[in-house]
Amino acid sequence: MTAVYKAILNLVIAFFFVISLEGIARKITARIQRRIGPPWYQNFIDIFKALSKHPFSNGWIFDFGVLMALGGAIATAAIIPMGSTFWTPFPNTDNFFVIMYLFAVGSLGMAMGMVGSGSPWSAIGVSRALTQMLGYELPYLVVMSSVMYMYKTSSIHLLIEKQATNGWNLYVMPIGAIVAFISLIGMLGKKPFDIAVAPAEIASGPMAELSGKYMGLLQIMHAFSIFVEVGLFVDLFLGGGSLGWFLVKFIVVWVLATLISSVLPRFRIEQMLKFYWGVPLGLAFLNALFVLLGWTF
Amino acid sequence: MKERTMWEQIADSLRSRSLWMLHYCTGCGAMELPPTMTARFDMERFGVAPMATPRQADIMLITGYLNTKTLRRVIYTYEQMADPKYVIGFGSCTINGGIYFDSYSTINRLDYYIPVDVYIAGCMPRPEAILEAFNYLMEKIRKGEADGWKRYKENYEWYKQNQIRSLGEVYVHDEFHE
Amino acid sequence: MMVLLIVLPLIFAFLAAIKKSFSYPLLVTSTVVNVIIVLLLKTSVPSVHVLGGWKPPFGINLVLDDASYYAVLIANIVFFLVALFKETVGKYSTVLMVMLAAVNGFVLTGDLFNSFVFLEILTATGVILASKRENYYNAFKYLVLGSLAGSMYLLATIFTYTQVGSLNMAHASYFAISEKAIVVITILYLVGLGVEAKLFPLNGWVSGVYGGNDLSPLVMATAVSFAALYMMGRLFLTVFGGYALHILYVLALITIVAGELAALYQKNLLKTLAYSSIAQAGIVLAAISKSTEKMVSLAYFHLTNDVIAKFVLFLVATFLVYNYKNLNGVFKKHKVLGTAFTISSMSLIGFPLFAGFQSKLRMLMEMFKTSDYLFPAVLLFATVIELTYLVRWNVKLWFEDIEDESEVKGPALRATISIILAILLVGIFLAPNIILNPTTKVAKALLDSTSYINNVIASSMGGM
Amino acid sequence: MFTLLVALLIFSVVNYFISKASWRVGSIINALIGSYLIFQVFTIPKGTEVTIGKFLGETLALQWTNAGFYFSFVSLLVIVAVMFFAIKWLDSQKHPAAFNMFILMVTAGSLGVFMAKDLITLYIFWEIAVLSSMLIIPMGKKESRKAAVVYAVMSAVGTYMFLYGAFMIYSRYGTFSMPEIAKNLANDPSTSFKVAVVLLIAAAGIAKSGIFPLHTWLRIAHGNAPDAFSAVLSGQLVKLGSYVLMISVAVFPSLKIFANLKLYSGVPAPNYFLIALGAASIIIGTLMAIKQDDMKMLIAYSSVANGGYILVGIGTMDPLGFEGGVLHVFNHALAAAVIFMAFASVVYRTHTKKISELGGLIHKMPITYIAYLFAIISLAGIPPMSGFISKWMIYQALVRKGMFITAAIAFFGSIGSFLYVFRPLAGVFLGQLPRKYKDVKEVPPIMWIPMLVLVAISFVMGVWPFPILQPIENMRADFGIAPSFKIADAQNWLVRGFSGSWNPVIVFNLFITGFIVAYILYTLFPKPKKVDLLKPHKEEGAPINIYTSGEFIYTPELYHYNTKFYAGFERMYEKHPSWEKLLYMLAKFFHDVGEWIHGWFFRPSPSAYTFWLAMTILIIFWVRW
């Protein structure tokens, strides 16, 4: 039963913490651009406003897609260990690949629902998002396999425990951590990699047809996704830590990603692929080679 | 005016703090929006953000004159927005046709065709005026007075009549004749 | 009685020459009688018939042993089946009878010069058959090549005579021929017989003759081909005791590949089948050249399957080619013919459920047992190519959209015979021994030159 | 067992004549027979051995093994589903009677392959399956004629290499029986012989399951075969290839045979070679699938990629990798069968298989869409469908072995599969419905029920995979690949990896909980207003009511994104070298050689013949060997 409480805590933290962080990110970006920016709670207002509106529904698959997206994101967020074995809701199921693929349920649901809206912009956006996935996942998964190969486990709470004795992966395999961080930016869809949502060219891509509560629900889903993505990075490369430290590290990673993204323009889709399959993928393999040879710190 | 429930009041206050804007940039007024968004005036601090599609947007900004051809599209877009939705008429063109008042193809008063919640006078209005208009609209929303979308529903027949009168019926429906 | 096989058709042929309108009934009669005679002869295997009381090695003798009996049986049955088709035979009844006599004589004779004579008759009648449907140029090519081959054959026979002092095969086999002479003799025989046996590169005539009209392939690709390949075995295994077989082996392998590739290129159905039959002859020759009892037996087993399959294929193909302008999807109109065609071509490829599978697989296995890895590789490669064009044709004939709308009435007899033979192919797959037992005897008889000699010599001692 | 196979073969011919009278009766009988067979495979006790007879002095025998049971069961699931599907679907076909006959022959042939104890029996039934399937393929559209030839040739190349290998084995050990060969191979000192033999045997599997050098037939054959039969081709016949690959690495215990050839982390070099081929297939299959506009060819290429997964999994000979590879057989069989049946339904109604001509069919064929959706979820390896489990196991094995490049390729294939399965989803089912399909209807229940049943099986096995893992575990035990832990731990509801585990039930429950929470949130807030995407179809002169940048659009298909779906990505490799072209060049080469031979030896005038005759004599005299 405790697992359920922990899972609920996961979700609650994911909701309040991440949505606040999103607001903070807007504030940070604004400050970098010498603006005042919205208040940190702006995103809560946006979400609840969206939920309060009278939306349009483009057919049952549109509804179903949104529900599937949110459902998948909730399921994934509920599994993520928050920095330590104690805050691991399901120690038997916190397998890395399970999380990555369960995470894909949400993405698939979103992609399906959005294309189901009948808008070609959504289809273009989804096609871009999937291509981008092909880009960032590859180096990320290679780095992750070397991590799992090194510690002989793919269970995240065990990886955290191993890091407690061995040192953070950021130190043990700095190249891998850097590559994973670059992938993380792509995963978050932040600035150089916000190709899928490019509002100026493809009318915010997948979201083109989202109105009212659909928008709100997807924003919540997005918050859970961020929780999963950044949380995984913190767990796997920054050694997790107690709940407080976990959140602090979370903030650090998030702010860093925001800072980077706020000063960069957008890639084109091929540029993105060439970028990810160039240096980061090469470094990922290099990292794997180092791990194989035992050249880790 | 009907008494609002508590939920509606909360919702209205939320709506007033998060105005997503679709700017319909047909005329010269679009020029004034970049400074309003960027560092000098920064409208995001009021929670106003540009959006790409009518489905996501709360307010529609008509930034300049509308001729009969674009008006059809504005109405079409307006009807695609989710309730509650607000319209800001931007510049004198939307009020009385501005310097194009005697053109054969330009409409003079926007609120004959769609309900306008706030007009911004001037040719051109400065960003300060735009921000002022946003704040005024927020105030109206909070009070529950920005009810253009309800009026449009209630007086749909009237609006439709005006629209048809100015635009005329379209007899051939395909991509080349509209 | 053995001699009747040769004489009877000849007499009937002369009778037919007297009265033209009797020629077809006479052909049917002679083939029927011949088949009956062959079946009756079953009890008198092995036996030697001495012609005119001139005892071997001085006179001509006919040898009926297991090998020649089997060849005669196949040839006569083929002629009988061909004789059933009145329209196809047309005006060529007389020629067919002469040819039947020649084939029987060629197979049965124990005399080298006599075999040359029958070979020449065979070629001559073959040329006449080939010229059906104004196929003169191809017949002419065959004539030139055939007579050249005949002269080589004659030359070899003369050489043998100078060495052995006799024209009798048993004698030639019995006496040692000098090392120098046998090279010349075998090579000349190889070339002389190679033309009939479709050995590369002496087989240029095949496509023209097989692909030229509707009669010659039915006889030439089956009975004559069988006779020639039988003679190949008889000469090179029995008479010359395995000399020059390695040459035969190499040429046969080249024949396989060349035949299959040419067939792959070919766009004409009859010619494709003609080249395929070249390749099959190559397989048989390669197997014969291994000169082990099993391989030789399998060679003739394979040859039998090939003859049956080719008979069906040509039976169907000639009907189609000469009745339809465009062959796309014709089998939709002739389902039975189509089924027979498909079964036969599958048997040729060697798919399981059909006879060809038995012979090919056994051959492969035998080759591996004797650690010959080249022949299987060539055979399998050839099979892939064979499969390519046969499947292509099958698909084209069955499934393409019909373009030639004309509807020719289904030929009942053709359909019946082809489907019966096709079912026979399936039967051979299920019970291969009905063919394998006789062919094993064939192989034994061909390889066992001692008993062949003894037979003949005994006949010369004891008389008939 | 043998009587069963023979009865099937004989009845297939009988069924032809029944179907001639009424093909519907024939296909119903087929479906009933198939259902009976599924029941039957459970009743045959394991280890049953039946001697068929003697062939060439060797005893041919059938043996009912765990592997045979598993593969037969999977095959029958697919075939029976297609048989039911065909009851209605066949009315769009020209040769229903022949279809009924041949599909039963395919069944008999494949079952025979899975039951075979020795290589010759395997070969015989293999050829029966190939032959009968080869005769079904050209029943499709125009190109299917060529497809049949390509299929037959590619298959023959593999098969005859297999045969060559089988006879090499025979000439050395004097037996065809697989258990004995396995024993002999393990003790054979000659490395080169073993490598040659194993690779030759594997060649049949490579050709059949569409692994890299011989993968090109899948595109043309799957793409052009009669639509429902593509399901059998991809779901079942390709799995014959996987079975032979499994024989060549697992039944012939490669770890023991090549104990001195370990290349990298315990994987022997020949296995590594096969894995490399599998990896190449994953790359090619994925990249090519992404750019296909023909939906059937798209899934055909995806079959190439998934064949690669199976080979990579089995090739590692790691307990997890092996189980993953074998389980992937099941997953891919079901998913591909459902996808092809869904496409068959679409083609049945719309008569086109070009994604760029379709769209929005979800409004007209929602059940087909649901089936397709769940099938692609399984194919892309997303929980809670069973496709995830096998992918997970394969990844576990690859990571454990430290095979990073192969792992990267597997990841690439997996993410690539999201891309290519989404293309038909978006282009065919979602988006705007073209006007010409406004009267399209959902296919009748007899067509969608089989799809939904397969999807349901895949779904249940994704949530509770232990029933399907059990036979695989038995199989693995047969082949002596023992893990140090229990992979399928049904007591604790766990599927374990080399470390770390997961609980499919929890994952499913979480997802359901998430979905319910989302649904509750959804219902809490204002009800949506329905936008009718079909309005332009129903009402003359109504524009579509979605975001169009203010433009009025009356022709829905103009506002549908399905051409060059991944243009940005496709552009990156549009000038790729084509293996298919290379193979065609090879075919052309043989053709040209044939022309050359023809021109030089077979066509000339009599004088040239005389020349050749003289040359022959000269050469023979000269060389005389």
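Order as written gives the chain letters A, B, C and D; numbering starts at 1 within each chain.
Operating definition for what follows: a residue touches a chain if its C-beta (ideal position, glycine included) is under 8 Å from a C-beta of that chain, and two chains touch if they have at least 3 such contacts.
Keep in mind that what you see is a predicted model, and the values were worked out from it rather than measured.
Participant: Fewest touch steps from chain A to chain C?
Facilitator: 2
Participant: If you average all the Cα positions, which chain's own average lands nearest?
Facilitator: D
Participant: Applying the document's contact definition, name the chain pair with more C-beta pairs in contact, B-D or A-B.
Facilitator: Output for the comparison: A-B.
Participant: How many Å are there between the centre of chain B and the centre of chain C, using C-alpha atoms for each centre?
Facilitator: Centres of chain B and chain C (C-alpha means) sit 95 Å apart.
Participant: Counting only Cα atoms for the centres, state how far chain B is from chain D in Å.
Facilitator: 57
Participant: Please work out the Cα centroid separation of chain A and chain D, and write it as a whole number of Å.
Facilitator: Those two chain centres are 34 Å apart.
Participant: Find every residue in chain A that makes contact with two or more other chains and list them.
Facilitator: 52-56, 121, 203, 208-209, 212 - these are the residues of chain A that touch more than one other chain.
Participant: Can you list every residue of chain B that touches 2 or more other chains, as numbers and ranges?
Facilitator: 53, 55, 80
Participant: Spell out, as numbers or ranges, the residues of chain D touching 2 or more other chains.
Facilitator: Answer for chain D, listing residues that touch two or more other chains: 546-547.
Participant: For chain C, which residues are in contact with chain D within the complex?
Facilitator: 140-141, 144-145, 148-149, 152, 183, 187-188, 190-191, 194-195, 200-207, 246-247, 250, 258, 261-266, 275, 346, 351-353, 357, 361-362, 364-365, 367-369, 371, 373, 376-377, 380-381, 383-385, 387-388, 391-392, 395-396, 398-401
Participant: Which residues of chain D touch chain A in the complex?
Facilitator: 360, 362-363, 366, 369, 373, 377, 380-383, 388, 391-392, 395-396, 398-400, 402, 404-405, 407-408, 411-412, 415-416, 418-419, 422, 425-426, 430-432, 492, 494, 497-503, 506-507, 510-519, 521-522, 524-531, 533, 544, 546-547, 549, 556, 559-562, 565-566, 568-569, 571-572
Participant: Using the touch definition from the top, list the residues of chain D that touch chain C in their complex.
Facilitator: So the residues of chain D touching chain C come out as 56, 120, 123-125, 127-128, 131, 134, 138-139, 142, 144-145, 148-149, 152-153, 156-157, 160-161, 163-164, 167-168, 170-171, 590-595, 597-598, 601-606, 608-610, 612-613, 615-617, 620-621, 624-625.
Participant: Would you mind writing out the residues of chain A in touch with chain D in their complex?
Facilitator: 7, 51-61, 63, 66-75, 78-79, 90, 92-98, 101-102, 104-105, 107-108, 111-112, 115-121, 123-124, 126-128, 130-131, 133-134, 137-138, 141-142, 145-146, 148-149, 152-155, 158, 203, 208-209, 212-214, 216-217, 220, 268-270, 273-274, 281, 285, 288, 292
Participant: Please name which positions on chain A make contact with chain B in the complex.
Facilitator: 26, 30, 33-39, 42, 45-46, 48-49, 52-56, 121, 199-200, 203-204, 207-212, 215
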